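For clarity, chains are labelled A, B, C and D in written order, and residue numbers in each chain start from 1.
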Amino acid sequence: MTTPSGALAPRFTGIIPPVATPLNADGTVDHASLERLVEHLVSAGVHGLFALGSTGETAYLTDDERVAVVHTIASANAGRVPIIAGSIDLTSARILAGAQRLVAAGADAIVTTAAVYAINDATETADHFRRIAAGIDVPLYAYDVPVRVHSKLSADLLVALGAEGTIAGVKDSSGDDVGFRRLLAANAAAGNPLQVLTGHEVVVDAMLLAGADGAVPGLANVDAAGYVRLWDAAQAGDWATARREQERLNELFEIVFQTSGRSGDAAGVGAFKAAMVAQGLIERATMAYPLQALEGEAVERIRAIVANVGLAGVSA
Amino acid sequence: MTTPSGALAPRFTGIIPPVATPLNADGTVDHASLERLVEHLVSAGVHGLFALGSTGETAYLTDDERVAVVHTIASANAGRVPIIAGSIDLTSARILAGAQRLVAAGADAIVTTAAVYAINDATETADHFRRIAAGIDVPLYAYDVPVRVHSKLSADLLVALGAEGTIAGVKDSSGDDVGFRRLLAANAAAGNPLQVLTGHEVVVDAMLLAGADGAVPGLANVDAAGYVRLWDAAQAGDWATARREQERLNELFEIVFQTSGRSGDAAGVGAFKAAMVAQGLIERATMAYPLQALEGEAVERIRAIVANVGLAGVSA
Amino acid sequence: MTTPSGALAPRFTGIIPPVATPLNADGTVDHASLERLVEHLVSAGVHGLFALGSTGETAYLTDDERVAVVHTIASANAGRVPIIAGSIDLTSARILAGAQRLVAAGADAIVTTAAVYAINDATETADHFRRIAAGIDVPLYAYDVPVRVHSKLSADLLVALGAEGTIAGVKDSSGDDVGFRRLLAANAAAGNPLQVLTGHEVVVDAMLLAGADGAVPGLANVDAAGYVRLWDAAQAGDWATARREQERLNELFEIVFQTSGRSGDAAGVGAFKAAMVAQGLIERATMAYPLQALEGEAVERIRAIVANVGLAGVSA
Amino acid sequence: MTTPSGALAPRFTGIIPPVATPLNADGTVDHASLERLVEHLVSAGVHGLFALGSTGETAYLTDDERVAVVHTIASANAGRVPIIAGSIDLTSARILAGAQRLVAAGADAIVTTAAVYAINDATETADHFRRIAAGIDVPLYAYDVPVRVHSKLSADLLVALGAEGTIAGVKDSSGDDVGFRRLLAANAAAGNPLQVLTGHEVVVDAMLLAGADGAVPGLANVDAAGYVRLWDAAQAGDWATARREQERLNELFEIVFQTSGRSGDAAGVGAFKAAMVAQGLIERATMAYPLQALEGEAVERIRAIVANVGLAGVSA
């Protein structure tokens, strides 16, 4: 498979941050901060960029905003690493229309989920991915995130879709490590048609030991260099170092638990944005309507955690 | 509140079928069948039309298809009954953009759910409805359907949104009769700011006894006259007749259980469409991709059930 | 089927309160209060007694305590109304051993759930009920309470078990009114092998209209006479009166929503016991360890609600 | 803390198989096979024995059978490794009574879950564990198995119970690797009051890398030596070897996926027992009523998998 520009299809391995979407105070996209964030991530050595993931608040963006975000990421990246973009919508016809626009804007691959709101079975879900893949000329990845989609993609389905050439990989945010391990084994038994990525920040070392091809950690917006060091140690087979780096990152991940009584989206992305502001990576922690930025003591605790793990430029 | 044309805002009471969306063999909307279906429903005495509900396969339609569907329904209806249209998308900005187009196409009210895919709390969900309501000049209804949205709208939230004027009513497909009864009581205690409609076909008599203002039964696409008779009996306080009519309709509702191993969407809408084809109400039972129409023995059993309850023009 | 004493098997219809289990301050069963409660309920005209249900805190009682509770209820009842007792345990062998002791203590019928903790399928669940039924010489009822058992008993399974003579009835606390309506229809189509009872306090009028044989309302511990009036009105076909009585009871049911941040068991049974203490029906509101009785303002609000619906002897 | 015999309390680390319970054809416990199984496991080098876990079909055994099982395991073990026994029942008073009998029969520690069937909050769950711990003179472990208990024990609760001396460890079968990693971190931050064991067969290498103290793999009934080799490699920091052994065991674990349409309990324990019969470790694959032993082609496929991974004495 080749990219729109005729090059070989990209393979997504290593650390591929789901790029946050900085916003202006009025809720519009802050493209200047987004450019700076992309430069920061690529300079830190990440191996790819994941545009328009959950961390990117994709669900809250209009189609036009999504296109603009991919355009800015692609421009700032300037071809240094491959870009995969999420086309998130209810069903296949809608997802495909969005995906075609994202490819035109510079995405080297597309990632999407099974249908949401609709109530489909496995046969329908397979056909869903087939129609989307047939309508784009870049690789398609499946995103398995039951906490949002409320259904799980089975290892059997994913490997079958990989073997037939419909999908090129999987981003797994299922929280089901037993299922993930079975997916890795089934994929290996089938000749590895899939690139398999984990979306869970705190178990990257363990999932790389188990055979994952890479990770899409939202926390890499806050500490990309840490995840790159973890990846390098794992590649070298130095699992003790990988684990130490993971444990440092896990201390940092506690930022998402510093609020109480806030929604999942507000607590998670809100903490990442607060920590990015603390480091000067983006201008402000504004989130997409109706999410409200974190405030007060929660932000103080987040700053203290960020400082405590030694990230440059932050004092508690 | 007034409609776009300056008239008083419509109140949705009685039987308001969620209009099915007939499709051509190639998956495009069959507008001729849709016109005929609208004529059939209005002639049967229904009190309103619910465009673009789950029964209308809304989730599978593009924005342009949705607008065209509302336009056809409004034209065929010619102002005889009020029309409420579903704007179903992930989050508020996207839903609002869709809603504005549906109002322009002829919808007298809009209905939508809490955000899907996003993970929001009650405060964010309230703000979600507020932004949508503020952006349209027709009444907004809330649609509570946890089997699709995977969160439940609480009675407290709904009545508060009603009391402040954000929403004018609720379509309840929660399957939670205890919660529905508490909603009715809380609404009454607040002076009935909300029109409360049930979406469950088989308990309309009981929910009308409990105080519901009306029903949105998908099965009314198959037997609108039956639901109108049920409504009339309930209005007259003749609960024995209402129950007998309900039990006849419940025999008919068994059509949705005649398949096994099919998805929820395929089994439900598929059965309605098969029964509508049997009566000559629409041309074909095609469903939106990737749903496949029911076939074979299931269709035979559906025809037999339809004939058995005495619907005109069908022989088993 | 005959009872242990050789009489015809009892049929459970009408209002059958799940009798609360009054406790002493040290957590032991307060048999004197229990006797008084039974006398109060039977005098109010209830048609049966349900011992050792969830409202009776059965899950927290040892086997010996359970036997003693049934013995006291049977003594106080003195044969006036039939008694059904819950044998609640993990699996069939354990449930059967308990059931045999409860029958010996005076139960006229036994009710139990599918296995808990175990992960069984429908075939295994059918065999589960068969072994229990075969080991007792009184009727067996199935208790469908997914919020506790975490699986749902299907209408098909229940009617099949009824038709073969394994179970004599169902207590439905599934919160699934659509499923309940289908159960009533399937049971009727099979010649009514099952007595079908609803466990939901706030929809008794509607479920009786739909054809239920009776109700097991925990709230009847607080206002048995109200439920008897509701039953009498429904039997007379006076649905307007039934609904008015239901709405009065629903105002009373708000007592279970007067606490926040307490567990389901503490809030529900705790409210009933607080309201019973307010009326002098039991000595104290102690609940089984580790549940703590409600306190402070919540109790004041409960007393006010009880007074407000006109129950004798309580002033707010 | 000391054991009943006055020795120091045992620490459970390493490989601690949840011992299967062999049954005779009539469903009674096959104590001769159980003795042989214990001898086989201890000889293979396991570091402890977990009696009466889910793999041991505990939920289906009566209290007397449970006592007899622990007695046989303790006799056969003859003090070589520590024994932890599950006391599984609905609530604390019932669990405690059972636990005291199991300690008297030879258990060196007790493990139990939060209440089942009851609906408790975190405060009540903490009190639940406190009463049980106070009533036994051996260490108490918490068993976190949401698929059976339908609630999750939080890391905060577990570490607090550990720090105060109520529980000595945790068996985690939550399937939530992110939560498990946070538990390990919180435990380390608190000075490691808890021994933390994973119950998931297929990720033991990864969980040991993450810092787990040991594993309770049901599959160790089938290949104890394999898990001991995995443990030894991990202890030596040889993660490549640990991963290879894990992958071999994961091939073996596919035995539990060789049936379709059977319940979770039947498929899992049934596969283990079929594989144990294939190796001559137990006499027959009978499971506790109402579970039916696997049969036919499923058993053939299981034998082939067992042979394929090189277990002695089995030919496909």
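What we mean here is this: contacts are C-beta pairs under 8 Å (C-beta built on N, C-alpha and C of every residue); 3 or more make two chains touch, one makes a residue touch a chain.
What you are looking at is a predicted structure, and each value in this text was computed from that prediction instead of being measured.
Using the mean of the Cα atoms as each chain's centre, the chain most removed from chain C is A.
Mean C-alpha position of chain A lies 36 Å from that of chain D. The mean-CA centres of chain A and chain C are about 50 angstrom from one another, to the nearest whole unit. Within chain B, not a single residue touches two or more of the remaining chains.
Pairwise, the chains that touch each other are A-B, A-D, B-C, C-D.
Taken together, the chain A residues at the contact with chain D in this complex read 175-178, 181-182, 185, 200, 202-203, 205-207, 209-211, 237, 239-240, 243, 247, 250-251.
Interface of chain B with chain A (complex): residues 59-63, 88-94, 97, 115-121, 123-125, 127-128, 131, 147-150, 261-266, 288-292.
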